[in-house]
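First chain A sits with chain B, and in the next complex the same chain sits with chain C.
Take a look at the complex of A and B:
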């Protein structure tokens, strides 16, 4: 289930797919502070024009410091970062496909606009991937949910997320059992002819999930559900957490302003 | 006259929206502190009956009284009170446990009751103690064994301190030790119990009295031992003792 085994987890990482247990200051921060900090950071970064490159040097410095503080294993993160590859490929195509003013590097001729847009995409996507990797690696799903409650995310969204996390596993298991049951009766996936089998499996899974949804709802009503998951616990916050958490977007804002000054 | 019975159902009829008649005139009285088994073949209407007892389903006709409350689908206040009093443990713990951690799930009911924080904490911890699951309070339900999940499901209901505990097939899918541990927990509780089951020895162990529901009607209401001795009655209702057992 969780591929990153570590000597001790205090039970924190049981059932977590992305969380990696470490004792670090970043791990210690409550979920909602991290959410706010990363959100503001990304907004600042995305709104910075790529030509103001000095700011991006600052952003990458800040994110490296956060990464170092989190004590997350680099190799694992590097593997996770491969999720960005499709975007990089897309960005690398842009200089060739976009039009406008062209310039030559050796024998190839590139579009200036396309190059800038590609660079823009790669830089900002990389920052975003780093942020989400640190956030996901250092925050348990539970802490994230509690965080969303804390920053007053509409209750419906939090509930949907909570149910998704809870029942994804159940549905996954169900799917695995159906697969075993299929194969036990001699089914082997072979090209396009096995597709109808897959679609009917999916259909069955959908119906079952729908019915489970109804049963869960009934079970909730039986215990007095009235619209909120009010027993979702919230974490203790100390002022130093806020100070530390907000330092992160604050430095980003500083970097933006410095870049602005240097750029103009 | 004695105190009001825990459950009093009279002439209960229910038809599903598709016209399928599930209950055809059920009469039933359970006094306070009784432990009653509800037996019957698949599709007899057992679960449908259970869902009437806390107002999740509303009868087509007939009446249901839980203690001094007469259930009425229009009276939300009474329905709320009844749901605090009647706790249902559903058959599949995955339907019942939906919060990220065990503790939060157990606290879900008490929180909905609008209790103070200390009281929620006290009840939830106590309920977890009763089923021996305190150590696993911060676990995600998905990472518990089936037996543990069933016990947590019982705790989620016990935390509401119900007067009537209804269990839908509590012994299904449990290994023999979990099954025995659950019966020990249930016997230690001072509540009225209605237990839906196919597990006749379990009914015998836990409940003095048994009912047989078949095709939406109560066809037998007697001491469990008398019902289990009546081979003809059991056969007529597709109930069977495990091979080699007899009373």
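Take a look at the complex of A and C:
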């Protein structure tokens, strides 16, 4: 997707689309600890009522610390965060459309209830987006898949995810080649009339994906596959990893309680 | 565009996750029975197909474009069980790594799209195939109707979740009206893309299409 300029990657860049290689403590944490920390953190944040705003100051501080520790490039992350835009627009509409008690900021009159609801959506969705970007940027796909195994995700799902991630780049490259082929034949996308060209691409993509699935399966059988993936070697976990990883949700819980005390 | 964190409350999300897990459990058992150890590589490649297919932008008009959602298409091509599992993994990876949809909203998104969307679309497909007597044309009609229905159906279930646990100030009826009408239009696009794609595959490899299994040759 993006091409980052790395000084070195230790071979991690092979097959990785979102991972950005850095030497940081966040990168070092095993996948399952990051998954657990992410999940507990975001559950706490979503459960916090937005009126308890002091807690959210804490959550954003915690996320900023995690972001700084991860040494991930801010600009790249900012570009990835644009996925949130449609919901920001949705949230920004709420103060203008909701009724009830109104208050004025300069010449505009806003609904109190709408402003609170809009702020609630923006704040929580943004926290979620940050968590996801830190996870994606700092975790290799291998570490993520091993993490899924560790948190006892049903093995069929882990295997499906493994194949999906493994072949995503292959299929994407295939799609890019088909795009070059279309354009070199003089194709220009213009309105609905061009759809049959795209759908024949989709059809070819399906046939190639399916046939690749069959070939992969046969190759796996030839190597003795019997329904489980043994290649997902378990990562080294030290107590300090758990301590460090769980610090984030722990601080979030602390921030929740502190906000509750200040709020009441 | 999937439901982000903080849009629907946690109790509603948890209930949806439980319903989604029940539906998926059924698909896991069926996929294991029917596909045995072939399940993982084949469903994995179907997931890649959906994920990559969603990146193709179909120009609509005046600079806007849309993309395939793929639930009904996958159900017709590989069967509802495999489609349901593939779409779930796609949604999980999109939420975890691409920030598309919140992690706490994953149960909502999976329920609406991988369970309701896939099975609703497939149900309509099966019905149409029967009404039009198991011909090749019936498969194309079924693909169109199934794909069309799957989109506003998922939007309807989103509206129900919003009515139960929505954290916005828009009235549930307003959200439903807006979601339903826009998704009717999106459904038309989905139906065209799905039908044309199934048609393209039927021309070259009809043997790969799951929906063709019961069709007389």
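The criterion applied here is as follows: the second predicted complex is superposed on the first by the 238 of 264 C-alpha atoms of A that agree within 3 Å, B and C clash if a C-alpha of one lies under 4 Å from a C-alpha of the other, contacts with A are read in each partner's own complex, and residues count from 1 in each chain.
One rule holds for everything that comes next: a contact is a pair of C-beta atoms (placed from the backbone, for glycine too) under 8 Å apart; a residue touches a chain by one contact, two chains touch by 3 or more.
Computed from a predicted model, the values in this text were never measured in an experiment.
Looking at the shared chain after the overlay, A:163 reaches both chain B and chain C. Of the two partner chains, neither chain B nor chain C is touched by A:75.
Of the two partner chains placed around the shared chain by superposition, chain C is the only one that A:87 touches, whereas chain B remains out of contact. Ranked by how many residues of chain A each touches, chain B and chain C are led by C. Looking at the shared chain after the overlay, A:180 reaches neither chain B nor chain C. Touch criterion met: A:222 reaches chain B, while chain C stays clear of it. In the superposed model, A:142 lies in contact with chain B only, and not with chain C. Contact with neither chain B nor chain C is seen for A:105 once the two complexes are overlaid on the shared chain. Overlap of the chain B and chain C contact sets on chain A: residues 162-163, 165-167, 212, 216, 220-221, 225-226, 229. Taken together, the chain B residues at the contact with chain A in this complex read 51, 54, 56, 80, 83-84, 87-88, 90, 92, 94-101, 103-105, 107-113, 120, 138-143, 156-157, 160.
Considering their complex, residues 18, 35, 38-39, 42-43, 45-47, 80-81, 83-84, 86-87, 90, 94, 97-98, 111, 113-114, 117-118, 120-121, 123-125, 127-129, 131-133, 135-136, 144, 154, 156-157, 159-168, 171-172, 175, 189-192, 194-196, 198-207, 209-210, 212-214, 216-217, 220-221, 225-227, 229 of chain A touch chain C. Looking at the complex, you find that chain C touches chain A at residues 1, 4-7, 10, 28, 31-32, 36-49, 51-53, 55-61, 68, 77-78, 85-86, 88-90, 92-93, 95-100, 102-104, 167-170, 192-193, 196-201, 203-205, 208.
Contact residues on chain A toward chain B in their complex (touch as defined above): 11, 14-15, 141-142, 145, 162-163, 165-167, 169-170, 212, 215-216, 218-226, 229-233.
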